[in-house]
Structure formats: structure tokens, C-alpha cells
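To keep things simple, chains are lettered A, B, C and D as they appear, and every chain counts its residues starting from 1.
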Amino acid sequence: MTDIWMITAAVLAVLIVVTLIRLYYGPTAPDRVVALDAINTLTVAAMIVLGVAYNEIAFIDVAIVYALLSFVGTLYIAKYIGGEL
Amino acid sequence: MNMSNIVRTGAVLLFPFILVYGFYIVLHGHLTPGGGFQGGAVIATGFVLLFVAHSYESITKRLPMNYFKNSETLGLLLFIITALIALTLGVTFFGNWLVNSGGLFGDVVAYGPNPGNLNTAGIIPIMNLAVGIEVLGAMSIILLYMLSGIKEDI
Amino acid sequence: MIEVLIQLLILVGLIITALLVYKFQDLLSAAIAFGIFSFLLSLEFFILQAPDVAIAEAGIGAGLTTAIFIVAIRGTQRNEEAE
Amino acid sequence: MIADTLILIFIAIGLIFNTIGIIGILRFPDVYTRLHAETKTTTFGTIFLCLAVVVYAVSQYMGSGDGQYVTLSIHTIIALIALCFTNATGAHAIARAAYKSGQVPEPAVVDRLSEVKL
């Protein structure tokens, strides 16, 4: 059963690396913020899956911290792009 | 300037959960991953979320800068006083004078594998709490001063 | 075996984002790339079984440094000057 | 074993939806369609990955009776709720900022949002 979770995490890592293409080619700043948001969600999913693969319950706490906090940077960038800061 | 209504409501709804989770990380610092610095950084990011959703004037009207200065000073004082009390009780500086005493944070650790008892470890949870309060004040006030510099610019 | 593959992919991503931070002339894009660098660094710490450092990197790198960079860019100017 | 089959099905659904979302980011023409592809499909795929973890935890708890698997499922559900909440708010903020910075969708004919005071 452990191999299934590891393979899932490997596929998620491949998706993260593929998303970096949009970070490189994105014509404007909002396109790059979309790539940031996608990588954020994929990172939380990879952390949960890896926590199950290592069989360590305490590792899920890191995923909760990431899910709660990672959109603060997105909000700041959005406030600057919208000209409200 | 205020952000839109949805972002403000989301920030106000999410802030108590970040606060509770940060103090959970601080208080369980001797049992699970985390500790004073990590929990303080999480709570400070919660305050930063409030700063982005509201304007500078409405933030400083509700939360003056003195609150954060006082919390930083309070954390440092709690840390050093806890270390100095040990000298009066006949142990060394930073000596663990609360462990195995039976009172606050004074239970004896059970032998063998167990899920963990919060009421152990002596002065280490108190030191974690002091560091958490200090980091919370320091990191929030950095961003608040930078925002005040922007307001004078325009 | 699969774990080595995951680490290899994440390290490749770290090198790519670090080079992009150096390359972008638009400082806002450089700040976004630095945020992605912080995410990937935290995932690497997580795989190396260090959840303490991963939580610290989550709080500091994801929220606070991006906010400080954006406020600093707003205070100065957005584009890097050509030499 | 029914739990293993269920876990495999959930993981397959989650990975397929995540892959579709990433392909959408790479292929769509402008910001709004890219945002549409990324937010919904990635959140939906992550919901199914978390559901697979919960099914795994429940099946292990039925087999061994160990209390730590209950903790695993509860923490996973908390992370999932936080993720759904923050993703929606962030997507709203990005779309509003992109509109206010002056980008319009490519084949747009009418712009009803310009009549409203934002």
C-alpha cells in the first residue's frame, strides 16, 4: 500500500515542475499569480499524501499550516496589482 | 484602502482559527513539531492577513502600535524573569525549577510509549509561551511600520 | 527509489525558480518566483523529515517575506533600472 | 478487499482532475480562463485525494483499532476545509485585481462590470 501513496506524490511533483512553464512564459503578472496558486494547492496535496506514506500523524500539521497561511501572499500581490495598496 | 467585501469577511472569519491553531503549536511545543518561534510566526501571519484586508487607518484605530510593542516587551520580561527565579531557589541560571514538582507543568513523565501528557516538562512550556508572544509582537510591528511609511508617501 | 525521483524533481524546480528570480527584470514577477521557491524549499524540508523547519518556512516564507517584498516594491519602483 | 479498490478509484479521480487543471493552465488563452481551469479542477482533485486518505484511515482503524488513525482522518478533514475556504477567496481577489489592472477577455463583446462602481 505504501507504493501507491509514493507514486501519487511523484505524479504531483511532476505536475509542480510542469506548472513552472507558465511561470516562465506568462506574459503578465496575473498569469504568474495563477501559477503560484496552482503550486500552492498541489503542495498541500503532496504534503498530506507524503504524511500518510511515511505513517507519521504529526506531519499533517504542516499541511494545515500551509493551507491556512499560503494565500496571504496571494492577497498582497492582488492588492498591489489592483492598485489598492 | 479596504479590499472587497468578500475578502474582508473571509479574513475576519479566518482570523480566530489561525489564532487558536498558532497557540496550539506554541503550547504543544514539547510534544509535537513546532515551538515558540514557529507558533509566533503563524500568529503574526494571521495579523498580517488582517492588515491586508482593511485600510491602515481602521487597523490603527482598533489595534494601536503600542499593543504590539507591549507584547514584545512582555515576552522578553517573562523569559528573563523565569530564568532569574531559578537563582533564588538554589539552582543554576535557566535551571528547570518546576519539573517533577507536582504543580503547574509538574507531572512526572510516564514510562513507556504513551500519547503524551501536556502537563509535564517544567519551565519549557513557559519559555515557549514567552518566545511566542515576543515573536508575534516583533514580526507584526515590522510590517505595520512599513505600511505607515507608504501612507506618508501618497 | 521513488523517493529519490521525487527529491530530484523538487531540486530541479528549486534551481529553475532560483534562476528565474535572477532573470526577471520586473520585480513583482521576481517576488512571485521567490514565493514559489519558498514553497518548494518547504516541501524539500518535509521530505527530509524535518517538520519543525517546514513550519517555520511556511510561516515566514509564504506569508511574511512576500508581504514585506510587495510593500517595499510599492514604496520604491516596480522595474529594475537598465545598467 | 473493498477499501483498497475504493482508495484506488479515488486516487485515480484526483490525479486525473489535477492533470486536467495543469493542462488547462498551459493551454488556455487569457487570465480569466486560466483561473477558471486552475481553481475549480485543482480544488476538486484535492478533495478526492483527501477522501482517499480518509477511507484509508477508516479501514486501518477497523482493522487494528489504533486511535491514531482517527486523529489522521480528523486532521485531514481540517486541512481540506481550510484549503477550500482560502482557495475561493484567493481566486476572487486575483480575478478582481486582473480586471482593475485593465485586462479584458479577448473575444468579449459587452462589459457589464464597467457600469457598476467597484
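Brief remarks follow.
The working rule: a residue touches a chain if its C-beta (ideal position, glycine included) is under 8 Å from a C-beta of that chain, and two chains touch if they have at least 3 such contacts.
All figures in this text were calculated on a predicted structure; none of them were measured in a lab.
Relative to subunit A, the chain whose mean Cα position lies farthest away is B. When every chain is reduced to the mean of its C-alpha atoms, the one closest to the centre of the whole protein set is A.
Subunit A and subunit C have Cα centroids lying 12 Å from one another. Remark: subunit B and subunit D have CA centroids separated by 31 Å (rounded to whole angstrom).
Centroid to centroid, with C-alpha atoms defining each point, subunit A and subunit B lie 26 Å apart. For subunit B, residues touching at least two other chains, in rising order: 3, 7, 14, 17, 25, 33-34, 42, 45, 48-49, 52, 150.
Residue positions of subunit D with contacts to 2 or more other chains are 82, 86, 89, 93, 96.
Counting partner chains per residue, subunit C shows two or more touched chains at residues 51, 55, 58-59, 62-63, 67, 71, 74.
Listed in rising order, the residues of subunit A touching subunit D in the complex are 1, 4, 8, 11-12, 15, 18-19, 21-22, 28, 30-31, 33-35, 37-38, 41-42, 44-45, 48-49, 52, 57, 60-61, 63-64, 67-68, 70-71, 74-75, 77-79, 81-84. Residues 25, 33-35, 37-38, 41-42, 44-45, 48-49, 52, 139, 142-143, 146-147, 149-150, 153 of subunit B are the ones touching subunit C in the complex.
Taken in their complex, subunit A has these residues touching subunit B: 58-59, 61-62, 64-65, 68-69, 72, 75-76, 79, 84-85. Remark: subunit A residues 3, 6-7, 9-10, 13-14, 16-17, 20, 23-24, 29, 32-33, 35-36, 39-40, 43, 46-47, 50, 54, 58-59, 61-62, 65-66, 69-70, 72-73, 76-77, 79-81, 85 touch subunit C in the complex. Interface residues of subunit B, counted against subunit A in their complex, comprise 1-3, 7, 14, 17-18, 21, 25, 32-34, 42, 45, 48-49, 52-53, 150.
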